[in-house]
Structure formats: structure tokens, C-alpha cells
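Per-chain numbering from 1; labels A, B and C assigned in written order.
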Amino acid sequence: MSATLRELADLAGARVVGEADRCVARVAPLEEATADAVAFCADERHLPALRRTRAAGVLVRDEHIGACPATALVVDDPYYAYAAVAQHLHPPQRPAGGVHPAATVAGDAELGAGASVAAHAVVAAGAALGEGAVVEPGAYIGPGARLGADSWIGANAVLGAACVVGERAILQPGAVVGADGFGYAPGPAGAGWRKVPQLGAVRIGDDVEIGANATVDRGAQADTVIEVGVKLDSHVHIAHNCRVGARTVIAGGTVLGGSVRLGAGCMIGGQTAITDHVEIADGVTLMGMTGVTSSICEPGAAYGSPLPAQPVRQWRRNTVRVTQLDGLFRRVRRLEATAEQAGGEEGGEAGA
Amino acid sequence: MSATLRELADLAGARVVGEADRCVARVAPLEEATADAVAFCADERHLPALRRTRAAGVLVRDEHIGACPATALVVDDPYYAYAAVAQHLHPPQRPAGGVHPAATVAGDAELGAGASVAAHAVVAAGAALGEGAVVEPGAYIGPGARLGADSWIGANAVLGAACVVGERAILQPGAVVGADGFGYAPGPAGAGWRKVPQLGAVRIGDDVEIGANATVDRGAQADTVIEVGVKLDSHVHIAHNCRVGARTVIAGGTVLGGSVRLGAGCMIGGQTAITDHVEIADGVTLMGMTGVTSSICEPGAAYGSPLPAQPVRQWRRNTVRVTQLDGLFRRVRRLEATAEQAGGEEGGEAGA
Amino acid sequence: MSATLRELADLAGARVVGEADRCVARVAPLEEATADAVAFCADERHLPALRRTRAAGVLVRDEHIGACPATALVVDDPYYAYAAVAQHLHPPQRPAGGVHPAATVAGDAELGAGASVAAHAVVAAGAALGEGAVVEPGAYIGPGARLGADSWIGANAVLGAACVVGERAILQPGAVVGADGFGYAPGPAGAGWRKVPQLGAVRIGDDVEIGANATVDRGAQADTVIEVGVKLDSHVHIAHNCRVGARTVIAGGTVLGGSVRLGAGCMIGGQTAITDHVEIADGVTLMGMTGVTSSICEPGAAYGSPLPAQPVRQWRRNTVRVTQLDGLFRRVRRLEATAEQAGGEEGGEAGA
């Protein structure tokens, strides 16, 4: 794929300063770009690299034009523009539509125009693929499941029975959507746990991305819901009955307990854990490794809980102290009481 | 599947108050149930919904009969009874037995009556499936592995060579049982690590459930053991040589180090980590995100370690203080010494 | 596979004390070894078992010869020697080379001598397998990917397009190498996230092992790099653009953010999280559950951050105190000021 800088500027809503007719074929970092490449400069830290770049064109902010030796494509947000340009120059290699001879597609499955099913993938009875949907090798589309137009399910990923994915969504390889939720009823002593059938499905909106080996469990009665534009990183786990609000982003290894409700536009750091039934308002930020055990109702709030890494010797001294903290507070309270009393006596003396 | 309320009452050991002959076809929440549905009311919080429900029947505790506008199925534990009723009305859709033409089953594999092997699944040499066992698409049963009667291995899950699963067990999609344990011997400086062959297998008891993309590694010499009735959530990791006691439940993302011994009937929260060789007594509860580095010998104990999420500004102030805690304890000790001395002097003065 | 103790001693660089001609067929723990087995005794804790062992031979340190009732194979490091002996007596069962009839291999894929591709595995266009490479059932080798000589990709594991694995490497079942990195550009308010194409690949060195269901994402522009001899445990996540230095070992469930640089020879505990762009020097040790948010520049340093598990009642009292710590430090400062003042006054008095 190649394009002129003019075409890319139009695509990105950029103003061109310099030669617009040069043709480029790829994106590259400022340092590595050559005459066939377009780069971007997002902020001041990259100005030295910008001054030395050999790129044909660079996406830059207005105030950096002076430092740009190449054709400048001037935009408010070079990184956001870069994403569009990179998508244009490096489109994913969509397979030619159709069903591979070594795939297994049920007779009553519906395949939209241009949909493709790769080798050893399975599309079960009653399932449906939208136009241009892509099923990679070894992926599984369960009975009655639906993968929307232009959506993509990666190698060996699983979309369980009756689960629904919107358009332009991506399930990375190994992702499992629609496994049973973790629901068991405790029996009388010694009887163990009785499995509670997980009767809901998973509904995933348009433009969602689910990371490699991430898991989204089906609901116990109602559906688990991932709204439009949500991005889940690798190893994220969304338990049964959760609702993740539109455009929320969750980094790697984070685990949501059952029935958690995350607002829209949240940013959740990696390795975080959110307890069952917690509700989190729109636009909340959680630092990585945060443990959330009660609801956060203030939209846009930022929360954290992790401890900073310390040299082990120091850590050993300090963390044992954490287990003695309550006692320390009492000791300080006693000292304060003594000091107040002494102060009072002194005051008394002073007044004497 | 449908049943009369009488039949469901018999199944659940319930006493019927009201019309027992009504026929229902599904379970539903109190709020959404209609005349074809049975619901449950586990506690007081749901009494308003109970009073308004349109369900044909409701599983209730004796003290809530008065609030039940439908036929009451009276039991001690409505949720436990609900699980049985839901299993009866919504049985998993077992495939018709037999081997799919696109499956690969070794000539010497044993298949019990009614066992099924789906498309692109593999049952390797010397493996055995019990009666009614289900192998979903793309799943792999390694050489000499055994999947017990009525057990179920999900899409693209893996049961490694020589590993054994009991009856009525479930491996959710993407689960990996029997990967090599993480065992390496450190060499002399610069030589790196030498792989220690992992010669044990994994033995999984009856009625165990292993979550989506969870992993249970094979033992180094002896087997890794998961006892009967254990439930592991998605992304749980059980390292080599562990033993997880009967009916213990482990929530999502928890990691057990090598040779950990967990007692029976434990409840382990999500994102927890347990260090190598730790032993934990029966019936222990660990909160989510707890780090366990030494054994817990008291049966039934409850442990925790995570910090509560705080607003980031407050978190920043407090967590830097954690790294200064040991110093604070010393400062308080000095203040106490000073106060004691002063108190002594004062005492002296008072005595003077 | 069987061998004489002499042959094993040669293999392990051991000195034989006792009968060298005895033949053994397996390794076993000291307690379970019989006359066909060789065992090892790594340290003093195992001396009682050593004295009672029925093994034909035992790998021991020089100072333990006296306690060894069997032929002693004397080495400096019995565990490291054991790994070599166990590898020799229990080699992995390599499949006979060749392509299973139910595998799918692209016409232009290159297969080295003795390479094998199992049932329902896929080797895509332009991919290459080195001599003796093993592709297990259901595994996927993407377009242009390369799996080096004697490397092994487990059941249902995924090696993405253009990713490269060195020699003698192992990808355990369910591992995903080369999924897209987690890269999105935020748009103007409400516009959501725009996917940034992930154009790099993953390069994995010789003798690397990637755990079950672990994930290594492809780079955004340059490649993600795992250097020679690295060992990643199950569920480890390596984000885009990371570089993990040679022979570094990372335990289960640890998550690296984007562009992290880990030095060589590091030992990283489980459930740890390292923030984007952090750099960690060679030979650093991180305890399990550590959160690292800034670079660690001192080679060989050891860091930790987790809190010890406490009984829940005690935990409740202490952790609420953590959220009040900053205030406590201020209170102690005030007490110290008061005490100093009082001390000063007293001093003044003394000087008077």
C-alpha cells in the first residue's frame, strides 16, 4: 500500500507544509524513517530526532514545523493522526473470503459476503458471520453465536454458544468469550459445591478488542456486557454478569469479580482486582495493582493502592511495621495525651 | 425441558405450598419471571421483588412464605435448591455421542459408550474417554490421558500426556492441564538454566471444574493433585507438585507456587499469590490479592493483606510513608523514652 | 532409555565412588528410588533419606559420600547434574517427523529434516520449521513465522505472523506469541480509541521457554525481544516493545507493561507488575507481587513491595491505618517539636 503525502494529509485532516506529492509506503520512527516513510513527532522529547529525520513526511504539531526538515503534515494530535495513517499504509492482511477445505462449518450457519473461515476453525450450528468477518485457524464459533461484520477472531480463540460480537471487533488469539461463569451454591457441610448453570451469554459491542488469552464469562441469568469501543488487554478476566462501559480500557492481568459495573471511559491499570458487585463511575482511573473492594461513585476520580517497590532489606523492616500499625497509632495517641497533659500543666504553671 | 412444580419440589427436597401441578420450563430472576418460570428468593433483600413476582413458583425459606404470591417451594437453602432446579430445566446440550469426521482419534484410544469427540479435536494414542465424556472442538487429549465418565473438556482446552481427570469434571475452554512445570537448575555463572524434566502428571478428582485459560502444571517427579470437588476460576495457575484439597474454591487470577499444599474446603480470593512450599490448613479463607509467604496452620483461619484503594493524591502521601515506617517506629520509641524519663522526673519532682 | 552409572557420571562430570557398572533406567526421589533408579541429594535436609535410599546410584556432594549407601556420583551441584541425567533417561517423546494427514501446511512453507506437524496444526504461507522442530496438535505457525531447529510448540499454542523463535525453544500449550500489542491513540472527547497498527514482530532466542497460556505481544514498530535462555512461567504477559535480557526467569502471572527493558540474569517473582517504560538492570531480583513503577538501575539489587498476609481482624485494623499514615507522621513531628522545645527549656533550666 502506498499513498502521497497529500492523500495521507486528507485522511488525517492535516495541513501540508512542503511537498505534498511525495509518495510513501510505510510508517517508521523518526530515527529509522527513510524517503519512503512517514513518521510522527508527538512532543518536545522527540525534537532532536525530528531535526535529524530522513522521513519524506512527518505528522507534527504546529509549533514544531520549524524543526521539521521534511514535509510537515500539521495536526493537533500527531499520534492520533499517525494511527490513521498507519492503518491506511499497513492494513491487516485480510484473507480472501470463503471457507478453507479443512474448516468445519455447520450446514445452517450463515456466512456474510466475504466472510472467511480458516483451516481447522469451527462454525457451529446456527452461528452467523457478518460480511467480511474473519475466523482464523483453529478458532471456534459456538452454536448460535454471532460475529459481526468485519470482526476478527484470532487463532484458537473461542466464542461460546449464543454469544454476540458487534462490528469491527477483534478477539486476539486464545481469547475465550462465553465460558461458564464461576457460580456454585455451597451445600450443607461436606456436600461441596453445586454448579449453578450459567444461562446468560456475552454481548460485545462494536469496535471492541479482547486481548490474547483474555476471558469474558457468560452471565448466570442475564448477559455479561462489554459496550462499544472497550479495549481489554491480554489476560484480563471479566466475570459473569459484569457490564463494562463504552470505551473503557483495561490493562493486562486485571480481574473483575462477578456483577461488577464499570462506567464508560474508565482507564484501569494492569494487575488490578475489583471485588464482586462493585460499581465504578464513568471516567474513573485506577492505577495498576489497585485492589477495589467498595464502589467508587465520583465520576473521573483516580484511585490507587499499590506499594512502591523497595530494596528488600528496607522492605523487610517496613512491612513488618505495617502489621504493627494499629498499635503504633495507639502509642502516638498516648504520647499526645501525655503531651497535652504536660502542656496543660505547663500552661497552668505559665498562668501561675 | 419442562417439569411440574411438584417434580421440582421432589428434586429439591422442597415442601409445596400452593398449586403443585403447574408446569414450568425455565428459571428466571424474580423480576423477570413469568408464568412459565420458577424463581428463588434467598434473603430479605429480595422480598420486594418476591412480592411483585409473576413466577409460577418460587423457592423460598419458610419465613418468607407470606410474601410469596406464587406457589412456594419451601426449602432451607433456596440458592442451593435453585442450582438443582436450574440444572434440571437447563441441562447442558450434550452432543450425540460419536466421533466427528473431522476429529482425529488414535486407533488404540478407548472411547466409552456415548462419548463424543468434536471436529478438529485430537485424542492421542493410548488415551481413554469415559462413558458420556465430551471433547469439544479443537480440544486435545494427550497420549495416555484419561477423561472420566460424563466429564467435559471445552473448546481448545488441553489435557496433557498421562494426565487423569475423574468423573463429571469440566475443563473450560482454553484450560491447559499438564504443561511442564517451571523447573530449571541454575548452572555455574553464565551457563544459564538447565531444564529439569517434568516427569509427573496431573490427577484431577471427580466433580472438579477448571476455569477458562487456567493452567495446572504436571509434577516434577510425583503428580500434581487436584482433589474432588475443587473449583478453579479462569486464569488460576497451579504449579508443579501442588495438592489442592477437596472442595477448595480458588477465584480468578490466583497463582500457586510449586509444591503448595492447600487444605480441603478453603476459599481463596482472586489475584492471590502463594509462595512455593507453603502449606495451608483446611477451611482457610484468603481475601483477594493476598500474598502468602509462610504456612497457615490454623484450620478455618481467615487472612488478608491487600491495601484498600485510595484517591491517588492521598495514596501518594500515604504510600511513601510506608517506606519510612521503620524510622517512624524508632522515632515514636524515642518519644516514649523521653516521656517516660520526663514522667520519671516529674514523678521525682512530685516525690520531692 | 537406560544407562550405566559410569555413562551417567561421564554425562554429568561426576566422580564415581562404588560400582560404576550398574544399569539404571529412571530417576526417582531418594525415598522412592529402587535398584533401577538414580537419585540426587542436594543438601543436608535430605541426609536422612540418603541414608535409607535403595537407589542404585545417587548424585551427591563430596561431603555426603559417607552417608550414601549406594554408588555415589560425586559432583559440585547435584541438582544441576540431576537435570542432565533426567534429560538423558527421560527424553521427551519426539514424534516421528513428517506432516500428519490432518495437518494443514502451506505449499511454500519450509520444513527442515525431521520436523513434524501434528493433526489440526497449521503452518501458514512462508513459514519455516527448522530441523527436528515439533508442532503439536492444533498449534498455529503464522505467515512468515520461523520456528528454529529442535524447537517445540505445544498444543493449541500460537506463533503469530513473522515472529521468529530460535533453536531448542519450547512454547508450552496455549502460549500466544505475536498477538497485537495493546496500542490505541485516544481521540477527542467521546471519539474513543483508534487502534495503532502493531507492525513489529516478536523475536525469541535459543533455549527460551514460554509457559502455558503466557503471552508475548508483537512490537508497535520495532520487535519485542526475548533473549537467549529466558524462562517465562504460565500466564506471564510481555507487552509490546519489551526486551527481556538473556537467562532472565519470570514466575507465573507476572505482567510487563509496554517497552519495559529487563536486564540479563534477573529473577522476577510471580504476580509482579512492571509499569510501562521501566528499565531494570542485570541480575535484579524482584520478590513476588512486587509493583515496580520506576527504573532500578543498580545491577544485582533485590526489591520487594508486597505486604504479608495477616489474620483478617488484624489486617482490618492495620490497613485502615495505612490510609492515615501521612497524618500520623505529622502528629509525630509535632510531638517531636514539643519534646525538643521541652528539652530545650529543660536544657535552658539546666544551664540556668
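FYI, a residue touches a chain if its C-beta (ideal position, glycine included) is under 8 Å from a C-beta of that chain, and two chains touch if they have at least 3 such contacts.
Since the model is a prediction, treat every value here as computed from it, not as a measurement.
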*Any idea what the CA-fit rotation angle from subunit B to subunit C is, to the nearest 5 degrees?*
120
_Type of subunit A:subunit B copy interface by residue overlap (half), same or different_ = different
_Report the inter-centroid distance (CA atoms only) between subunit A and subunit B in whole Å._
25
*asked:* Quick check on subunit B: which residues sit in contact with 2+ other chains?
replied: 102, 120, 138, 156, 174, 213, 235, 253, 271, 306-308, 310, 319, 322, 324-325, 328, 332, 335, 339, 342
*Can you name the residues of subunit A that touch subunit C in the complex?*
27-29, 32, 77, 79-80, 82-84, 86-87, 90, 92-93, 100, 102, 118-120, 136-138, 154-156, 170, 172-174, 207, 209, 211-213, 228-229, 231, 233-235, 246-247, 249, 251-253, 270-271, 288-289, 306-312, 315-316, 319-320, 322-326, 328-329, 332, 335-336, 339, 342-343
*Spell out the residues on subunit B that touch subunit C in their complex, using ranges where they run on.*
102, 104, 120, 122, 124, 138, 140, 142-143, 156, 158, 160-161, 174, 176, 179-180, 182, 184-188, 192-197, 199, 213-215, 217, 221-222, 235, 237, 239, 253, 255, 257, 271, 273, 275, 285-287, 290-294, 296, 301-308, 310, 314, 317-319, 321-322, 324-325, 328, 331-332, 335, 338-339, 342
